[in-house]
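For clarity, chains are labelled A, B, C and D in written order, and residue numbers in each chain start from 1.
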Amino acid sequence: MNPTCDVQGRRIDAGFKLSRVGVTGVKKQIRIKRSAKDNGINGVLTCDIDVFVDLPAVQKGSHLSRNLEVIAEIVDESVRSPTDGIENLAAEICSKLLSRHDYAHTADVSITADYFRSAVTPNGRDTVESYGLIGEASCVRGRPIRKTLGITVVGMTACPCAQETVVGITGYGGNIPAMSHNQRNVCTLMLSMDEGVEVEADDLIDLVEKSFSSPTFELLKRDDEAAVVMNAHSNPKFVEDVVRDVLRRLVEGYPDLPDDIGVLVSSESEESIHKHNAFAERYATLGELRS
Amino acid sequence: MNPTCDVQGRRIDAGFKLSRVGVTGVKKQIRIKRSAKDNGINGVLTCDIDVFVDLPAVQKGSHLSRNLEVIAEIVDESVRSPTDGIENLAAEICSKLLSRHDYAHTADVSITADYFRSAVTPNGRDTVESYGLIGEASCVRGRPIRKTLGITVVGMTACPCAQETVVGITGYGGNIPAMSHNQRNVCTLMLSMDEGVEVEADDLIDLVEKSFSSPTFELLKRDDEAAVVMNAHSNPKFVEDVVRDVLRRLVEGYPDLPDDIGVLVSSESEESIHKHNAFAERYATLGELRS
Amino acid sequence: MNPTCDVQGRRIDAGFKLSRVGVTGVKKQIRIKRSAKDNGINGVLTCDIDVFVDLPAVQKGSHLSRNLEVIAEIVDESVRSPTDGIENLAAEICSKLLSRHDYAHTADVSITADYFRSAVTPNGRDTVESYGLIGEASCVRGRPIRKTLGITVVGMTACPCAQETVVGITGYGGNIPAMSHNQRNVCTLMLSMDEGVEVEADDLIDLVEKSFSSPTFELLKRDDEAAVVMNAHSNPKFVEDVVRDVLRRLVEGYPDLPDDIGVLVSSESEESIHKHNAFAERYATLGELRS
Amino acid sequence: MNPTCDVQGRRIDAGFKLSRVGVTGVKKQIRIKRSAKDNGINGVLTCDIDVFVDLPAVQKGSHLSRNLEVIAEIVDESVRSPTDGIENLAAEICSKLLSRHDYAHTADVSITADYFRSAVTPNGRDTVESYGLIGEASCVRGRPIRKTLGITVVGMTACPCAQETVVGITGYGGNIPAMSHNQRNVCTLMLSMDEGVEVEADDLIDLVEKSFSSPTFELLKRDDEAAVVMNAHSNPKFVEDVVRDVLRRLVEGYPDLPDDIGVLVSSESEESIHKHNAFAERYATLGELRS
């Protein structure tokens, strides 16, 4: 008798197909390509990884250790030869999951990481800002992999309604925009696309940062702080406005992307005047947004 | 000039429709009906509530304060006359959102809460156990509301594979099941249904608790602890087994529920032998599960 | 042989004394006294409870199930006869822990809960606001119990520095305060005292809400929103100012409290212009604050 | 008039001294020294940083942007010349905070990061495991800096009490240890020391991993999984035992460390048989532990 018999591979009767079986919360460091101007450490990401395959009704269990083997191999490759994007890493894992789990028909991968970039304040000072990266991939055996690149950016919104109401109530006629409530806003942009399509995360971050009332900065001296405040109050925006501005810039800035790109944009404001948040979201294909 | 003009209601050109606009993280206490045997406080839930409606392309903003008015009204009603389920409360809010936002075509509501029930240990001692409740509702104007009742239950799984491998390697032939690794498991069961259909959260909790290797208890004296451990090792289960057992009990226990009920079952084990979790999930209609 | 021998109570050699042994994350519903004007459900709290006792060097383990028995008994009592404060509940648990663990010399208890109160907006509308409650107690056998009452309040701060800088740079001379950045602020106030001393959580919440640039509200119609914004900009405050205003109100408002009251006040702003938070804190005795 | 006058530096009357004023949640990537065998990316840490200084009663505010300047400078240095430990990075920041805030008398710094190391399973397979690193430093002007190195390790505990009770109830006499409940355990070890003292984080991780019932691994094939399970059941441990074993190894393994080292060891088990956790902790000086 083989002392380590394959319990997972056992045939069962009257089972149910399972949509997704896998592991969650696997932590790994990976290396991604960065442009020459960046110092070396910017290309190292600390990732949280979830991977899944489906399971046929007749098989007792999924071989979970194979998932960890696949992740380890792909991550090792990324250390020797940096991957050109977290979503492409997800796609590579996805593809290898299907070849390792021969009983599976679908595979899903999700990766998140903190990301850092150099930035410049309104008055020209250097800072480093942090962002969130999301890479996802899913595939059905025999069909092309679909991958998703997502970014999470923290910025600032100033409320246009409170600003107008303050003006209406007070008859304010000053030389600068009136006060309003303003707050931290988290904007997420996710693009789903076929494996061959390439979009730069840095370009998406730039696009989103322009869509807030103002981007925010880690290090602001006094004149920079005033510039951010005045910039935000000159561009008051609801969460709805942030989402729509991202959508508009996406349609205008990516005329060559195919119509079947899936788009999700959300904007959540940690309202300074409330204990709850304000939220807006649009999901659509790029084709729908263009029409 | 009206000092508080309606900025949100303003017409805009070249806008984009938004899928969901609303508020997240609204905290409220509500009252739900409980059976006579429970003491009064068990029917009071502390809830986290998210609500959304869609927004047409031609309108600048959604009137977010109306969402809070709707929530406050429904919650006040629940205090005077307890609602008969968190999912029905969600449905009521959903319906009222559409009547208050006359420009909206869809509404979505999500509520989560901790929930408490009396329980009895294997050897007959009384305890109180905690669970998670989820109530959701969504609707398209002019069509029936679709609501979702969900529960989250913490239980225990013992691994069948490690148990067999230990036996295989050691040639174990003891009078009781062999050792294995076992761990905390979180199982979620969600049922989506038309507004008129009623399912009891307590019944779903019972169903899920039977599907673990063993349920867990807040208070265990020594003999009860041993009973839980032996029970779990006599019923070793993968995360896949937990999901499938819930599915089987659901199909067998609810023959009268319509085929179009949406079912989602997930099981996540905080693996004692790994730093990551094991996860299994099935989403399907009840009709698909029956076929 | 007793089949359930006392492993925990076993004598050991060369052990180390342990400072705290116990259980964390116990969820319970308790009932506290509320004033007559409140509806019944406001007095029901969903609590997270941690309890600990110390352990002598010569004993192998602490009897953890006794902790759950003590919690269950005290909670049951609170349902029959509501406790007059979360910190007094903690003190009762603390006292009972020492009587149940006869080998222990110290006991520590910590309880947190969401809390809800009626409030009125600047223009007189009714709302319900949510807060955090903290109740702690610790004791050394043979000495009086020391208990802690804490509250967590979400409010709003507007930055005085950015406001002055905007004025300085623009030469602003409008009839209303200039714009500034403003954001959600979380202020925590904790008072440690002997068991006999009584302080009302509601009074502490009132005190803290007056110390923000403005309190915040769940439900604000347009004129109320403008009032909150103008109020905040007329009372610009650093996190330092919030802490100091709470300290000042505490010293002035509680002349009869003993000097040995321990005070901790912190204020954390989720800066709208940064991705990080600003934080200020003072810990001292009331006697030190008075001198 | 200077358009950016120093609001923070303003003198105030009747103020209160503040214990800590600063910033929290600053995210940064830093580089630390690693041994030659590691690939380059292991030395890059993604950190969360909190920094504080105190504030005299007569000064309105702390100059928060200086904190970000200090962090940025130290982090830049670490990229050019890797620091030899997260606690030493904290000490450098601490020192620089005091020189930049000339009105401050104390400074406090806290840094946390995920950390990765190569490991080998019981049967000799290579894996990479993740850990938590904690670096802290605090100082009073004119006195030596005190720094803290901490690690967080996830391992496994099997319960000795349930194991003995199972044997007692069943009369089990098998050739291998009896079943028990086992679960994920998080053990934290923190050492506070003068700036000149050096302790290796890797040595502390080794020490803690030996103190669980078994260490855990990301990737286990079937025979390795059985080895971990059998290892754990041959070394059943309460949370109390884990803490005491860490203390014993610390006293035995570091005879040359000074008596004034501050030690904190905690062990928290995510109990598989309960919905709550079990917890044990000891804080003491190394001198006290030795006596």
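The working rule: a contact is a pair of C-beta atoms (placed from the backbone, for glycine too) under 8 Å apart; a residue touches a chain by one contact, two chains touch by 3 or more.
Remember, it's a predicted structure, so these values are computed and weren't measured experimentally.
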So which has more C-beta pairs touching, A-D or A-C?
A-C
Going by the average position of its CA atoms, which chain sits the greatest distance from chain D?
B
Chain A and chain D: spacing of chain centres that average the CA atoms, whole Å:
29
Whole-Å gap between the CA centroids of chain A and chain C
35
Where in chain C do residues touch two or more of the other chains?
3-4, 26-27, 130, 161, 165, 168-169, 218, 220, 222-223, 226, 274-276
Residue positions on chain D within touch of chain A in the complex are 3-4, 26-31, 39-42, 44-46, 65, 68-69, 72, 75, 79, 114, 116, 127-128, 130, 218-223, 226
Applying the document's contact rule, which stretches of chain C touch chain A when the two form their complex?
129-130, 154, 156, 159, 161-162, 165-166, 168-184, 214, 216-218, 220, 222-223, 225-226, 228-230, 232-233, 270-276
Residue numbers of chain A touching chain B in their complex, please.
1-5, 7-8, 14-27, 50, 52, 55, 60-62, 64, 68, 160-161, 164-165, 168-169, 238-241, 243-244, 247-248, 268, 274-284, 289
